[in-house]
Structures are given as structure tokens and as C-alpha cells.
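Both of the next two complexes hold subunit A, though its partner changes from subunit B to subunit C.
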Partner chain A sequence: MTRSTALAWARVAVVVAIVVLLEALCRTGIIKPLTLVPPSLMLTDLYRLLVSGDITDDIVQTFLEVGTAFAIAGAVGFALGALVHALPRLRQALDPLLAAWYAIPLFVFYPLLVALFGLTVLPLIAIGVGFATPAMMIATLTGLDRVPPVLRRVARMHRLSPLSTIWRVILPSAAPYLFGGLKLSFAYAFIGVIAGEFILSGGGLGYGIAYAYESFENRKMYALMLFVLLLAVGVNAVLQSLESHIARKRSRQ
Partner chain B sequence: MSPTAPHASLRGVTRVYPGKSPVHALGPLDLDLRRGEFFSVVGPSGCGKSTLLDVLAGLNPPSAGTVSFEGKPVTSVPDGIGVVFQEDASFPWLTVAGNIAFGLRRAGVEAAEIDRRVDYAVGFMGLSAFAGAYPAQLSGGMRQRVCIARTLVMQPRLILLDEPFGALDQQTRLLMGDELLRLWRETGATVLLITHALDEAAMLSDRVGVMSARPGCFIDMVDTGWDRDRDSRIVSDASFGALTGRLWASLRQESMRAIGRG
Partner chain C sequence: MTRFTDRLLLLAAIVLIWFAAAAYAGDIAITPPLQTVRYLFGLLATASFWGHAGATLLAFLAALVISILGGVMLGLAFGLRRFAGDVAEPIIASLYTIPKVTLYPVMLLIFGLGMPAKIAFGVIHGLVPVLLFTLAAVKNLSPTLWRTARALRLTPMQTALTVLAPAVLPEIVSGVRVGFALTLLGVLIGEMFASQRGLGFLIVNGINIHNVPMTTSVAVLVVTFAVLANSAMMALDRRAHRVR
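Moving on, here comes the complex of A and B:
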């Protein structure tokens, strides 16, 4: 067994141990049912909810919001990153703002967004975009910074057009950073949307969890929380595996 | 174009990098490269050797003077010139074969012809077993061979090499030098090699141009007198030491100037 395989198994063992411990603590009554339901019950409740179709609308709404926010943030973040990279003076002016972006509690603008867009999905998407765009922008800047100048010179020696240089040389060279930016953007869009749904929304998984909490539906709340957790971990695992695949090609084996 | 006309030439070329304190990097200098010759440029660090290569390749316009290749003025990167850079310029996202085929694909060469040229280059450079490997899986010397092969398959008539073996150990450099001489003989191309290694210049070249400290100008032009059919074994030739000594004698004062002791 290689070291990395052993580490992966060790991680799985830690998660399984925590789940088993929680199950035991809940089943023996050490943790009260009002505080936490056993993980096995969360799973069966989630299965029941999924099969019944009760949460289908919430899932669809959250997926659409996160997907839209992620797509906008990916495209806008990349475009802004490329633009700022091409304009060093603008970059000098924007660098401190970008560095401080995540110190701003974006949720305080929620009333303003509701006033602007109404009580629709748009404020939620706007929060998701606000969270995710700078991550993509910063990753784009870093990626473009790291393109070795010699590769641009190779492109010139092969007499590539500016567009072909971007497509054939610059983007592939910056790809690992761009992919990292997309991964981070997805996480931020997901967090922004779910948290936004908690505050003020009439649907979505975040709203579902908040509603279940307020109406003392503990089992539904935990089932939904488990779903959100599994979703985030699942998407992250897929993106991580794609990122590792790209990185493996470029690292000494 | 007359067969005796220079393959490439520079006339009164200077390069000044503008700015608050403009840097006069090169010239004025004149140079005629003879068709099919192996010409090396040696000089102290920072004397403008790489700038000279950039100007000749059309990557960097001269501030004054004219550059021509095959009788035509060089205003941008001309067809028929290939460059191998000092740094690792392999594309990490492409395999060895993909790297070598890069320029051919962009030039719209037919797939069968690409395969033929890539197969030949891979074999010629001793990379057959690594055609499907990525650059990260290769040593520094092998990556540099990939870059040389990528330039060669374009069949350039003038090959410019900017310290291509700078990062390699001495034995590998000697062997790479042999490979370079072999490909020079087989392709019949004109070669301009920028190097800081006097022994490398003495071993590989028909002619060596010695440059002054910045702004770089030619202060000596040395004909080596070697046969075209030579290889790294000439380092044991009695005249090899005298030739290297001659180059150092020309360069010593300039090298001291470059480090502020002249």
C-alpha cells in the first residue's frame, strides 16, 4: 500500500469513527434527540424526503441559483482578471481592494439587494456572485502572472496570432490556477446562496433548513443539512479529482 | 540572392531600452552570417548577447540600424528562423510528441507529414521511448532536446540558440554539442549560438564573435579552422587549448569591466 493510499484510508477511518461515535452517543441517549438525531436516521429521513419529492423544488431552486451565480462569477471573474492583468496601473489601484474583499460582510447589503431586485432569486444570485467573483479574479491574475515569459516568446517565434496565443499557450499554461479559481468560486457561490436563503427566501435548501428549525422539525432539518453537506463534499471531490488529474501531468512522477 | 551574399546581416544595429535611465544594451555593431556556417557569440554577462539574438529573430526591434535575413529586412519574426531559448520552453500540458508537433499543427502541415517529421525528430534526438511522456517526467537535458526538436521540425534555415545548454552538466553539454553538430551537418542550416562557455564556442563553431561589455560590440572575430566533420573529441586537440586561450585573452579585460574591476 502506498503512502497516499494509506493516508486516504486513514481519513476515511476518521470520518467513519466520528459517525459511529455520534450514532452511539445518540442511540444511548447521551446526546438528546432534540439536540442531534442519529446519523443513520438522518440518512433514512433524507432518502424518504428525496423519494417523496417534498424537497425537489428546493433542490432545483438552490441548484439554479448556485449554478447561475457560479457561471456568472466564473465568466466575470475571468474577464475582470484578464482585464486587470492587462492594465498594471488599474491593478495597482485594485490590489488592496481585492485583498480586503473577504473582510467585507456582504450580507449587510441584502436589504439593498432586495430593494433593487425584489423578493426573488436575484438577490441570492447576486450574493453568490459577490462572494465567488473575486476568487476567480484573483486566480486568473495569479495564473496569468505565472505564465513563463519564454512561452509567449515561443508563441511569437511560431508566429501565432494574439487569439491563438491566448488559446494555445496562455490559457493552457494558466489552466491549473484557473481551475483552482473555479473550484473556489463554486464553494463561495454555494456558501453565499445557502446562507442567503437562510436570511430571507421563500424556497431553496437554506430556506428549508431554516424553516424546519423554526417549526421544530428536527429530523427534516438534519436530513437537509446532511444533503447540503454531501452535495458540497461530492462536488468538491469531483473538482478535486479533475484538478489532481491536471496537476499529475505537470508534476514530476 | 547571390550564394556568396550573407545569409543574415546586421548593419549599424543598436538597441537602447528606454526609461527614466535609458539602457544602451547593444551596438553599434555589424555582422554578416555566412550561409551554412556555425557562428558563436561569447561575451561577458549582460553584454547584450541575448538582445542580439532577439533583434536578429525579429522579437525585438533595433533602435537604429538594419537587420536582414536572406536579403529581406527583418521587421517581425520572419519565416525560416527558429529559436531555442535558454529557459525550459517546453509546454507542460503537451506530451513530447505534442510539443514537437506544436508548430507544424499551427502551420497547417498535413497530419501524415507531421507524424513523419515528429517520428524522425523524436528518433534523431533520442527521445523515442518518451514520445508519450510529459515534460515533467523528463530530465532538464531531455526537455531541452524536446525544444530543439520542436524548432528543427519546422526546418528553419537559420537556427538561433540562446545558451541552450546553460543548465546542463559538463558531460551532458559535450554530448549535446555532438548532437548539435550532427544536426547542423544534416540540415545544412546556418547556426548562431549564444554561449558564455568559451570551450563550447571553441568546440562547436566555425567562427566565434567576441563581444565587449555593455553596450555589446564585436571586439574580435576568431576563425577556428575546424573541419565540418568534427565532434567533441576535438577538445583533446592541441590547438583547442590555444583557441580557448585566444578567446579568453580577448574577453578577459571585458569580463573584468563587466564586474566593475576594469
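Moving on, here comes the complex of A and C:
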């Protein structure tokens, strides 16, 4: 058994152990059913919810919001990152703001967003974009910073046009950072949209959790929470393995 | 000097956007800069405001101390045990990507309304980055350092104090910077839902009773504090990395 398969098995064992422990604590009544529902029950509840179609609308709404926010944040974050990279003075001025961005509780601007966009899904998408764009911007800046100067010189030597320099030299060189930025953007868009729904909206998975909590539907709440958790961890795992796949391919070249 | 003027220009641009947003969206959404500052000064003179600010500060400091101590200790523990660290790191990193707001009801069910739930909410936001930075720092420590410590026959205590601590300190400072911001965010969000005290409560209360100047001025205060505190920590961070 190689070290990496041993690690993977150990990880599975740890997660299984935690789930089993929680299940035991709930079943023996050490953790009260009002506090936590046993994991097995969460899973069966979730299955029933998914099959019944009750939460299909919420799922579709959340997916659309996250997808839109992610697409906008990826494109705009990359464009802004490239622009700011070209303007060092602007970058120096923006630096403290970018670094402090994730310390700002963006939800306080929700009333403003509603006034600007109306009571639709747009304010939620805007919060997702606001969360996710700086991550992509920072990743783009770092990626462009790390392009080795020698590559730029080689491009000049071969008299590449600016466009093909970007396409054939700079982008491939910065690609790992850009991918890392996309991964982070997705996580932030997801967090922003779900949190926004939780606090302020009338639809979507986050709203479903908040609504179930307020109407004391503990079992529905935990089933939805499990769904959100599995979704976040699942997508993250897929992006992670894609990233290491790309990294391996590059190191072989 | 140009740097200073650039910062001023950025500030001016932000105030201009603020003006434009206030002009476009009107009084029901955001208060224009001048009125906000005037309202803020009035607010700062009231005793009840300081009660709320004190409650937030107390919860924030408690959460920050727990996040830093817990994060550093867990990070060291996982970092020094290579296999345990490699097993734990992806699990912890994926915890970082789940929307923690959705866990808020769980915190309330466990801790009840009030201070402990707020602190717990701050901790679940802030502990993970401190842990991850510490873990990475210990893991990536050069093996030469360990061999040197062994060659000099340092006791484990001496190794910890004279080799390990100085080597990982810069990364811990970076982790604390990120943890600081997220802990503040966690505490404020905690106050926004289920609390009768604190700045987060003032913001949400302002939204609920349509006291727009209140919401705007507290939001501006919080954002200013976050940006200034983060800049100070950045300066500290840079120094810690340079000294080495």
C-alpha cells in the first residue's frame, strides 16, 4: 500500500469514526434529539426530501445563483486582476482594500443592494459576486507576478505579438494560480449566496434552512444542512483532484 | 508621498461612489456621507452605543483568544505528527469551504441565545485559518533545523522555544491576520441573528425599524475598523517575515 492510499483510507476512517460517534451519542440520548438529529436519520430525511421534489425549486434557485455569481466573479475578477496588474500605482492604492476585503461583513449592504436591484435574486447574486471577485483578482495578480521574466524575454526573442504572448506564454504560466483562484471563487460564491439566502431571501437552500429552523422543523433543517455540506465538500473535492491532476501533468512535461 | 496621495485618491473615489449610490438609491437604502458622519458622532456620544460596542468587543476578544490558542495548539500537534497532519489537512481545508452561516442554528441549539453562541460562532470562523497556517508552517520546516537541534543536544523544551517558535512565528502571524478578520465577521454575523446586544444587532435592528442612518453609520464604523485593523496586522505580518 502506498502512502497516498494509506492516507486516503485513514481519512475515510476518521470521517466514518466521527459519523459513527455522533450516531452513537444521538441514539443513546447523550446528545438530545432537539440539539442534533442522528446522521442516519439526516440521510434518510434528505433522501425523502429529494425524492418528494419539495426542495427541487430551492435547489435550482441556489444552483442558478451560485453559477451566475461564479461565472461573473471569474470573468470580472480575472479582467480586473489583469487591469490592476498593468497599473502598479492603482494596485498599490487598492492593496489595503483587497487585503481587508474578507474582513468586511458584506451583508450590511443588503438594504442598499435591494434598493439598487429590487427584491429579486439579483441582490443575492451581487453578494456572491462581491464575495468571490476579490479572490479571483488576488489570484490573477499573484499568477501574473509569478510569470518568470525569462519567459517574457523568450517571447520577445521569438517576436510574438502581444496577443500570442499572452495566449501562449503568460496564461499557461499563470494557469495554476488562475485555477486556484477559480476554486476559491467558487467556494466564496457558494458561501455568499447561501449566507445571503439564509439571512435575507425568500427562496433557495439557505432560506430553507432558516425557515425550517424558525418553524422548529429540526429534521428538515438537518437534512438540508447535510445537503449543503455534502455539496460544498463534494464540489471542493472534484476541483481539488482536477487541480492536482493538472499539476501532475505539468510536472511531467 | 505618492503612496499617501494614492490612498487619499482611493478614499475619495470610495466616498464618490457612496455619494452616487445614495443619490441613486435614495434615503431608504443608504445615508449620504456627511449625514452619516454627523449621525455617527451623535451615536458615539450616547452611553447605550458603548454598551453595544463593548458587548461586541468582549465577544470578539474572547473568540479571538480561543481561535488563536486553539488553532496554534492544534496546528502544532498535527504539524509535528506527519501522518496525522496529512490525514487531517484536507478534511480541515474542506471545513473551510462550507458556508458556516448555515451552522448557526446548531450553535444556538447547543449554546442557547447570547454570549457563548456569539463566541462559538466567531471561533468556528476564525480557528480554521490559524490552524491551517500553523500546520503548513510546521510541516514545511526545513529538516536541517531539526538535525541542528539534535546535533546541539537541545532538550525538547529548548527545541520548541529556540528553534520551532521563531521558525513558525511569521506564518502564525499571517494566520492570525486572516483569523482576526474572520473572527470579527463571525461574531458580527452571530449578532445579526439572535442577539439583543452588539454592533451586529444595531445594524440588523436598523434594517428592521428602517433606521437607515443607524445601519449606514454602524456599517461604516465596522468596515473602517476592519480595514484599519487589517492594515496594522499586515504591517506586523511584513515585519515578522522580514526579520527572518
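Everything that follows uses one rule, which is that the second predicted complex is superposed on the first by the 249 of 253 C-alpha atoms of A that agree within 3 Å, B and C clash if a C-alpha of one lies under 4 Å from a C-alpha of the other, contacts with A are read in each partner's own complex, and residues count from 1 in each chain.
What we mean here is this: a contact is a pair of C-beta atoms (placed from the backbone, for glycine too) under 8 Å apart; a residue touches a chain by one contact, two chains touch by 3 or more.
This one's a predicted model, so the numbers in the text were calculated from it and none came from an experiment.
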TODO: Superpose on subunit A as described above, then tell me if subunit B and subunit C fit or clash.
DONE: fit
Task: subunit B versus subunit C as contact partner of A:Leu119, first or second or both or neither - done: neither
TODO: Going by the touch definition up top, name the partner, subunit B or subunit C, that contacts more of subunit A.
DONE: C
Open item on the list: Let me test your reading of the model: by the given contact rule, A:Val60 touches which partner, first (subunit B), second (subunit C), both or neither?
Closed with: neither
Open item on the list: If we overlay the two complexes on their shared chain A, which of subunit B and subunit C does A:Met157 touch? Say first, second, both or neither.
Closed with: first
Task: Partner chain(s) touched by A:Ser173 [first = subunit B, second = subunit C, both, neither] - done: first
Task: Touched partner set for A:Val228, first subunit B, second subunit C, both or neither - done: second
Task: First, second, both or neither for A:Leu83, with subunit B first and subunit C second - done: neither
Task: Which of subunit B and subunit C A:Val15 touches, first, second, both or neither - done: second
Open item on the list: What does the superposition give for the shortest Cα distance from subunit B to subunit C, in Å?
Closed with: 16
TODO: Please write out, lowest number first, the residues of subunit A touched by both subunit B and subunit C across the two complexes.
DONE: none
Task: Contact set on subunit B toward subunit A in their complex - done: 57, 59, 77, 79, 81-83, 85, 87-89, 91-93, 102-103, 106-107, 134, 136-137, 154
Task: subunit C-facing residues of subunit A, complex - done: 7, 10-11, 14-15, 34-36, 89-90, 92-94, 96-97, 99-100, 102-105, 107-112, 114-116, 187, 190-191, 194-195, 198-199, 206, 209-210, 213, 221, 224-225, 228-229, 232-233, 236-237, 240
Task: Parts of subunit C lying in touch with subunit A, wherever the complex brings them together - done: 2-3, 6-7, 9-10, 21, 24-26, 28-30, 83, 86-88, 90-91, 94, 96-106, 109-110, 178, 180-182, 184-185, 188-189, 192-193, 200, 203, 207, 212, 215, 218-219, 222-223, 226-227, 229-231, 234
Task: subunit B partner contacts - residues on subunit A that touch it in the complex - done: 148, 150-151, 153-154, 156-160, 164, 168-169, 172-173, 175, 249-253
